[in-house]
Every structure is written in structure tokens, then in C-alpha cells.
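Paired with chain B in one complex and with chain C in the other, chain A is shared by the two complexes that follow.
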Partner chain A sequence: MKQFDRRKLKGMVFVLPAFLIHVGIVLIPAVGMVWYSFTNWNGLKAPKFIGLQNYVTMLSDTSFFHALKNNLIWMAMFLVIPLAIGLILAVILSNISRGQMLLRTIYFLPYVVGAAIAGKIFATFYSPYSGIASVFKALGIESLSNFAPLGNGKLALYAVAFVDNWHWWGFVLVLMFSALHQVDRSLLEAATMEGAGPLRKFFSVTVPQIKPTIISYFTFILIASFTTFDYVWIMTQGGPSNATELVSTWIYRKSFISYEVGYGSALCTTVCGGCLAIYLLFTLVQKLRRRGEV
Partner chain B sequence: MKNMLRKTIIMVLIVTILGGITACGGDSGNSTTGDDKAKSGDKGEETTISVYWGSLEDDMQQVWFDHFFEPFMEEHPGVNIDFQCLPDVQETLRVQLAAGGGPDIFMLDCFDIPDYVEAGTLLDLSNYENQYKWEDLIYDWGLDAATVEGKLYGVPHSSEATSMYCNLDLLKELGCDVPKTRAEFEDVCEKAATQGYIPIEYGYSGANEFQQWIYDHYLGNYAGRDNIKKLFTGELKFTDNEIKGAFELLKKDWDAGWINQGQSGAITNDEARTFFQNEQAVFCTEGTWLTLETISPGSLKFDWECTVWPSMKDGIPASGSAGIGAVMSVNANTKQADLCAELINYLYEDEQRLADAIAAGYPTLCRDVDENLYPADMADDIRKTLDSLGDILGQDTVGYAPWSSYPSDTNIYMMNNLDKVYYGDYTVEQFCEEAQKVLDKELAEGFVFVG
Partner chain C sequence: MNKKKKLVKIVSYLVLIMIAVAQMVPLLVMFLNSVRSNEDIKKKLIAFPESIHLENFMIAWRKGGYLQAYLSNLVIGLAAAVIVLTVTGLAAYGIVKLEAFGKNAFRTYFTAGLSIPGFAIIATLFFMFHKIGLVNSRLGMIVIYTAINIPFNFMFVHAFFQGMPKELDEAARIDGAGEIQNFWYNVLPLAKPILSTVMLIVFVNVWNEFLFANTFLQDENVRTVALRFYNFVGKNSGDPAYIYAAAVISVLPILIIYMLMQDTFVEGMTSGSVKG
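Let's turn to the complex of A and B:
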């Protein structure tokens, strides 16, 4: 018992510095944010308590709901596209012996490019005068010579999401590649002997065995999509005409450009609460499925 | 086992303490003290004045040092100036000032001054105004922009004017003169567009603040300065035709493809400027700062003119707007108020020193400078632009630059929502109604238009 307490204490001591840092940098500011959400504060003068006024204002903030809609679209894109590309390529790469490491490195390279650099480069690619449009024009493809997605309200969000996808899917490839190593080869061999084709083996043997990795990926995307900020801010700052406005950019705009820090805190608190609710719901569904009750 | 536990605890404590010591931050921006030997505040008897400014190129920072800070330090032994140029200076300032810290002198925008005054973070400079007789030296409209309830809380740092740059060679090719009226302007734009040129270069992607230039041109030259004053004193509304018409005209020109062929939202200001520099655009929307500070002298390799935007309505004269680029304010908690005021005055007092600095690319301050004091070898572009600046600011009808005079929230609303009109998400009526709501709130909160 004494030995167990000693081991527990040793473990706590190792965890303590990180825990203290977490409390100081994450928990205390988070609690502070909830408090400020009930105030009218511009970041300078003393905050004034106004109760639920910020939350009432939020209910009629059409720009916030527009940003929320954009975020849901963003989330849907990132739940599907990088996973599909990463998984398919991981399966292909796992069957290649020669040049596999080189290919993995090449596909992973976009992930190490900083968001500011990639964002600026792609903003230039998207320029209607000096980007891909000018290439199409030079090739005589007139229908695409006006290709300027960052100036088009219908395309801008997808154009920015493409860049973030380009940055991200290499990481997903490496993640899925590692997950594929957990697949029991004997099951695949057995499936082959039973006459299963590649697609059947993939969906019936491979996917169930890498399900924990896929679930973790979904959970991460559900939450991370609401913190997406960098590419949107660098490339469009939420424009044109709020077409690429996300919840994070709207919060930033309200807090640090309009200096409505109290209102920004209310938006942030609401989004955090929503993410927590989604995560808990997702976890509950997983638990129930494991118990076989769903 | 006991020894193992003790050693573990000691090691963890050592690592935590070392981590805490080494985690102390350094500079967050470019920091120059003019001389590597002069460190800020770390030699017991030396006094350091810290100055925070917005992002400046290295060569421009050197101009500040060569013409002002180094001579000041030479005349004041024991005084160091710690000059930091920060890309997000306003965010940094708010955090530091709210915590009771912050630099001694810092850059502010005019429309932020009331907030900082209300928070008690700015030093009242009224006594220094009397001591140094700034009212005789500095333009009164510049001092007014930094005055709140009769007290001076900052000294205007730079004066500038909104303007229109014209490519005279292209205008000649189109068979046109520099337009002064709406009809002449439409004629040029139509001809330019037909010939494949961009009538008006303009890009704002990733920087909504540049929207201020375009709506200043249209609002100022359609509504006129008197109606703008009436708007911001509550006598007129955004939805009144005198004001709304300006935005309708802007939308009309946008739909006609005259404003960078409707691609302004897809390109940055830098890219748009290259169209003017490469003679693909007839008009440039930037103000006098373009050739005074932004681009190097000699960059425009064609015949050009810096003049006022044309009149957009009969009876409203063609005019530019006067603006303050930035204000120098002093921290209310500074321990060297006298020295800070002396440094600010030093920037203004010597006309010859200022003339030399301006010739090197320093911003024009809010005071007159005898043109005979400029060096004989000053770049022609700078001399030409200074003449234009003087002409624009000297007009009786000079207007109000948005970043210096408009109410803050209303200005921010317009910057961030005008493109909804461009792209058809808002009608002009909707835009004006929403802008009026924001303005009504600011007027109710006590906004006073200084104009």
C-alpha cells in the first residue's frame, strides 16, 4: 500500500508542473472568459456587468449565424475529404515497397509549410491577374480565364478550405498509414481465401480495425474546425462580403478590431459550450454502440 | 526507494524553476536603440523613454533615428530611446495599458483616443501645449483631432491627404484631361475600359481598412464636407439622398467594372498598386503617402499627377480629405512626462531638421515647412507630392478623412460591410440603414464630431 501511494505521489509530482501551467494558461483564462461574457468590456476600462445582454444580442446577430453555417460546411468538408484522400493513399502506399518513404515524405511536405506562407502563396495563385487565371488565359481557355475564387462569394470558402486541406491531408495520410499497420494480416489473408475482392476486404476487414483511429480523427475535426482561423484570416479576413467568415474570425473581429471584448467572450463561451456538447454526444453515442444498445 | 523519491522531487523542482526563469519573454517586435551599446533601462543612472510605433521598414526606422532620436540623445546624455515597431501595436498597447504598464510614448489612431481617455491611460498634455506653444506651431485641426473635452491627449504625428493619382500619359492616349467633374470622370472610365485599361485600381483583399479610401472619395465628393458634418452631428442620416447617393454611385461604378474590373475583393492593395505602376490603370486610389512614403522616388516611370478626386455631383466641388496618419500620446503612468513632451516637441520644433527628414521619406507633420528649406537634391517625386499635399490641404473645401474624423464604430461598420453592397448581398438602402443604426448608438453615447 505504502509502495502504491509512493508511486502515485511520484506520478503526481511529474504531472504537477504541466497541470499548474494548464491551470494558469488555460483554466483560469477560460473561467475569466465566462465572467467577461456577462460584461460590457472594451479591453481597456473596467468591465461593467450587464447580465445576459451579450447573449441576447447574439441571438439577433445574423453575421454570427452566417459564420456558424460556414463553420458547419467547413467541418463537413474536413470530416470527409482529407480522410478519404489520406486513407485511400495510405492503402495504396502500404502496398508499395519501393519509393514508399520518398512518397510519404513528399505527401507530408505541405504540412510543414507555415500557414502564413502557404496562405500568401495560394492567394497569389488565386489572383485573377497573376495567378492560375492568367495561365488559363494564355492557354486560350477563356471559360477559366476569370477564375478568381477569392473575389467570388460562392467559391471563396471552398477555395480557402482547399488550401487548408492541401496542408492537412498529408498528416492524415501518415496517421492512417500508421493505423493500417494495426490491421491483422491473417484476417486479410483469410478474406482473400474466402474470395473477397479488394473493396470488400477494405470495408469489411480494414476499416473496422482502424475504426478507433477514424473515430479519434472525427472527434478532433469536430472540435478543431471551430478553431480554424489562420488560413481564412491570412487569405481573406472573412471576406468577400463575409463569404469566408468563420466563428473564430468573427470572434476575433468583435474582440480585437471592434474591441467588444465582452461580446466576443459571450460568442466564445457559446461556441465552447456547443463543442463540448457535440463531443459529449459523440462520446455517448460511441459508448452506447459499444454496449450494443444502438 | 526513499532516496529515489527524494531525487525525483528535487529534479522536478529544478526543472520547473529553470523553466520558469528561462520562460521570461524578450522583444516582440523590431527594437532598435540606435546603438547596440545603448541598452534600455539596464544601466542604473540612465533614463529610457520607450516608444511603440506601428510596423516600419528598417530604412524608415533609420530615418527616425538619424534625424530625431540620435540628435536628441546626443543633446540629452543619459537618455536612451527604446523604439519598437510592432505589427499589431494596438492589440499590444491595449493589453499593456490595461495592466497599468506600457511604453512612455505610443502611436494611436484618432478614433481610439476617447476610449483610452475614458480608461485613464493617456496623459493630459494641455500644460505642455501651452509651454511649447503648439497652437502656434501645429495645425489646429490636427490638435483638435486629439482633443477630448477641451484637453489635449496626443500630438498629431503625420498629416496626409486623400487624393487621386492620374497617369497623364494614359489620359493623353485616351484623349482626355484630368477629370474634375463626374461627366469627365465617366468619360475617362468608359474610354479606359474600352481600350482594355483598368480605370481605377483598387484592391482590399485581407485588409478591409483600405475601404476607407474609396468611400472617402465618393462620400466626400458627392455629399461634400458640410453634409458629412451634418451626418455625423445627427442633422442628416445615411438614408438621406445627400449621403445615400454616394454609395449608389459607388455601386454603379463597381457594376460597370470601373473599379478594378470588380476584382478588388480578390486582390491585395499591393497587387492593385502594381497595375498603376505598370501603366495598366489610369487612376490610383491611394493618398499622398503613396509617393511620399510608400514607393521609392522614381518608381513611377511615366508622367503623373497627384490631385483631388473629381466632383461626383453638380454643386459639390472636387476635393480631397485631410487626415492625421497617427497621433503620439503619452502614457498616464509614465515617470518621465516632461522628457516625453520634450521629445515630442523635438520632432516638431526645428523646421530644417524636419525638412531634411521629409526629404528622406519621413512623414509630413502637421505644420508648415518652408519649401526653401528642402535640400536641393530632394527627389522630384517627393517635391511634387509635397506641392500637391499643400494644395489639397489648403483648399477651403478640404474634407474629413474617415480614419481621423468619423466615429469609430460607424467607420468600422462601413469598412467591414461595404463589400456586401459590391457583391449584392446588401442593397445600398440596407447598408445605409444598418450604418445609421450604428451611428445613432454612437451619437447617443456622446460622440462629438471634430471638424
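Let's turn to the complex of A and C:
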């Protein structure tokens, strides 16, 4: 018995390095952020406790709410578009016999290209001087010869999202592809015998079986769309005039450009708290539904 | 019926191939334009090179400070990869094989740690590091990249250890081997495939990481490749050929590793990430 306990103790010692590094670099600063959200800290001077003042300021910060709206648009796009492309192509891909792996490799490839590179390459394509505009001009499409979506407040957010989607849907395809592999073939055959068409089979047989993967995808996107940052910062820095501002870029601006770290922390605490609430709600609903099914 | 099947097959391939081509076009344009001249690109974005301008690469390499950037990435990426590998390997071993005290709490902690966004920590961490002189430091980046890569890779190694047969450890224990010896001689050799995957994931993540690098590395001499490229574009916006050449220089190492180890990449990066 004693020997057994010693082993467990040793086990704990084995876990400690990973645990302590993560606590020191991630958990402590995260907790620190919540504390700083109640102060007027500017990063340098000693912070002063100001209670809920930052949160009160937040309520009248129209840029923050504008950014939040952009995050919601972003979320709506990423809940649907990469999933639709990834899932449809995964279904087609799993029905062919040759070249599956080669195609999968190609679709996944943009995922390994870093955001800085993909973002800047596309920004160059979008440039009015040396970008796609010149292609339109050469083709004689005059109306698009000044095509510069990043400078256009109405298009910029979608132009950036397009790049993130280019980079991301191949990843979703791989997820869906491996989920489809686990679908029970005999059920599909049974459905065929009973005369179900391909669409009917997809929605009544395949989708229910890959539901867990789809739900994890939704959960992931619900949170990730509030923390997304790279593509917007790299391509537009939130511009033109806040048109692509996201909560993350707004917080970044507040913390590192105008040095309102306390205020930035309050915004960040709010957003993270919101994500946590969504996540908990989602898992709770899942649990209740699962219990209901049994 | 057979004819219909054949038609479906042809249409399937057509769709799949067309999308694969579309997906590749941006990268193809990047490669083609990296050997064209500035004037040529400005006239027409998409075209085959009229003449090959390999000097674009020399100019981009020198102007971009890529020698230093490659070194930075090698040092930071490899160091972080080795440390992550060691500590997650030990942690997973402690939890799965030794059934550490509080193993469920640890597991929950790492799972939750997976979803703490970089945003929640960056400001506090920055000013903390600023105080102790870890801003603009490779050591500082190694520490950060190690920490943020721990949760995902822990889960990955943990899942692998759980699938390993227990009998092996029992045999080692009867032979009187210590835990460290058992870990080193029995577990590690079996876990080899997973080890290279972890190294790869961490190295690539570090190569591509933007938020922390952009915030913590303001000094030219320590900047990583992604950041060097980001700044290069800002400074050379009038010379698209150099930008494309710099992009090729920035992405080529990763593309080569990807081509050589696609399965490791795809499986390593997708397993456990979004799956429930």
C-alpha cells in the first residue's frame, strides 16, 4: 500500500514541470488580468484600484460594441461556410477511390501556411496597384479596375474573412473526412435498399452519426470567433476607420497603443467571461440532452 | 444505373480537382511572381515569368535579414519543442502510468488550459516580462511558446500513453527498474512516432505564431521569420517581386517539411483539437 502511494507521489512530481510552467505563464497572468480590470493600470505606473469604473466606461464604448458586432458577423460566417465546404467535399472525397490522400494533402496545405504570410500575400493581391485590379483591367472590366476591398469599409471584413477561410476549411475537411470514416456503412446500404436518395441518406443517416464532430466544431467556432486576431491585424489593423475592428484588435489597441491596460483588461475579462458562459451553457445543454436520450 | 454511376464519378473528380486548383492558385501565383520583375508584376498580377529573376531571392534574403530570422526560429522552435516534449511526456507518464495524485484535476486543468486565449494573458505577461528583462529575448519566447503549447501536446501524448499496453511497465517494475529508467528505456522507444509529431507541431506553431512574436520581439535582431516578413512587406510595398520572394523564403521550410511528413502533420494537428 505504502509503495503504491509513493508511486502516486512520484507521478505528481512528474506532472509538476508542465503544470508549473503553464501556471506561471498562462494562469497567473490570466488571473492578473481580472484583477487589473478593476484598476487604472497603464502598464508602467503602480495600478490604482478604481472599482467597476472600467466596466462602466465599457458600456458607452461604441467602438467596442461595433467590434462585437463584427465578431458576430465573423462567427456567423465561420459557423456555416467552412463547415459547408469542408463537409460537402469530405462526402464527395470519401466516395471516390483514387487520389483521396493527394487531394486531402492539397486541401490541407493552406493550413500550414502562417497567418502573416497568407495575410500579407492576399493583401498584396487586394492592392489597387499591383493586385487583382490589374487583372480586371487587363480583361477590360472597367468597373472593377480599381478593385481594392481592404480600402472599402463595406468589403474589408469579408475580404479578410475570405483569407482566413482559405486557410481554415481544409482543416475542417480533414476533421469531417475522418468522422465520415466511422459512419456505419451497413446503415447506408440499408437505406439504399429501402430506396433512399443520396440527399435523404446524407441527412438521415450520415449527419446524425457525425453529429458529435459537428457540435464540437460549433463549440470551437463560438469561442474562436471572439478570440480571432491575426488576419485582421495583419491585413487591416482594424481599418479602414474601424470597419474591420474586432474585440481582439480593439483590446490590443487599448493595451499596447494607448496604454489603457486596465481598461483593456476589463474588455478582455468581459469577452473571456462571455466565452466561458457560452461554453458552459453548451456543455450543459449537451449533457441534459444526452441524459434525456438515455 | 452504371452509366449514372460513371457520370457521378466524373463530376465528383471534376469538382474535387477544380477546387484543389483554386486552393493552390494563391500559392502558385506567389511562386511564379517570386521570379518575375517588379514592373512585370505591376502590369499584370498573374502571368508566366518572361525572364527568371533569381536575384529577387538574394535581395529579399539580405534586406529581410532572413539569416538571423532563420536562426531565431531554429533556436526558439527547437528549444521550445524539446522542452514541450520532455515536460508533456513526463506529465502524461506520471498521470497515465503512475496514476499521480490529483490526476483528474491535472487533466481538467490542461483541458481547460487549451481554451485560454492568448489575449487573456498577453498584456499582463508583457509588462511582467518587461520588468524582468524578458522582452526582446529569445529565452522569453522559448518560455512563452513552451507554456502555450503544453495543453494541446499533453492531451496528444496522454491519449497515446493510454493506448499503450500496461504489461510492459509491470515487467520493468518486476525487474527492479526505476521509473526514470522505465520511462527512458521502455516507454520512449515505443512512443517514438508521437515524439516526432509533438516536435513537429511545436516547431511549426512557433514558425507561424504572430501575436506573441509581434508584441514581444520589437528588436530586429531577435525577430522570427513570420515577423520579419510582416515588417518586410511594410517597408517594400512598392516592390511586389521582393515581397513574393520573401514570402517564398518564409514559407518554404514549412512546405518542405509538410511534403515530407504530410501524414504526421495532418494527423498531429487535427487529432484532439476540435474533436469532442
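Note that the second predicted complex is superposed on the first by the 273 of 294 C-alpha atoms of A that agree within 3 Å, B and C clash if a C-alpha of one lies under 4 Å from a C-alpha of the other, contacts with A are read in each partner's own complex, and residues count from 1 in each chain.
Throughout what follows, a contact is a pair of C-beta atoms (placed from the backbone, for glycine too) under 8 Å apart; a residue touches a chain by one contact, two chains touch by 3 or more.
It should be emphasised that the depicted structure is a prediction, and the values quoted were computed from it without experimental measurement.
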Touched partner set for A:M77, first chain B, second chain C, both or neither: neither
In the superposition, chain B vs chain C on chain A residues touched: C
First, second, both or neither for A:K45, with chain B first and chain C second: first
Touched partner set for A:L180, first chain B, second chain C, both or neither: neither
Contacts of A:S130 with chain B and chain C, given as first, second, both or neither: both
Partner chain(s) touched by A:G153 [first = chain B, second = chain C, both, neither]: first
First, second, both or neither for A:A191, with chain B first and chain C second: neither
Partner chain in contact with A:L9 - chain B first, chain C second, else both or neither: both
Chain B versus chain C as contact partner of A:S258, first or second or both or neither: first
First, second, both or neither for A:P240, with chain B first and chain C second: first
Chain A positions touched by chain B in one structure and by chain C in the second: 9-10, 13-14, 17, 43-44, 123, 127, 129-130, 234, 256
Chain A - residues contacting chain C, complex: 7-15, 17-19, 21-22, 24-27, 29-30, 32-33, 36, 43-44, 89, 92-93, 95-96, 99, 103-118, 120-125, 127, 129-132, 134-135, 138, 166, 170-171, 174-175, 178, 212-213, 215-217, 220, 223, 227, 229-230, 233-234, 248, 251-252, 255-256, 261, 264-265, 268, 271-272, 275, 279
Sites on chain B touched by chain A in the complex: 1, 5, 8-9, 12, 15-16, 19, 91, 94-95, 97-98, 115-116, 118-121, 204-208, 261-268, 271, 275, 409, 412, 416, 419-420, 422-423, 425
In the complex with chain B, residue positions of chain A that touch it: 3, 6, 9-10, 13-14, 16-17, 42-45, 123, 126-130, 148-153, 234-237, 239-243, 253, 256-259
Residue ranges of chain C in contact with chain A within the complex: 9, 12-13, 15-17, 19-20, 23-24, 26-27, 29-30, 41-46, 86-88, 90-91, 93-95, 97-103, 106, 109-110, 113, 115-128, 130, 143-144, 146-148, 150-151, 154, 179, 204, 207-211, 214-215, 226-227, 229-230, 233, 237, 240, 243-244, 247, 250-251, 254-255, 258, 262, 265-266, 269-270, 274-276
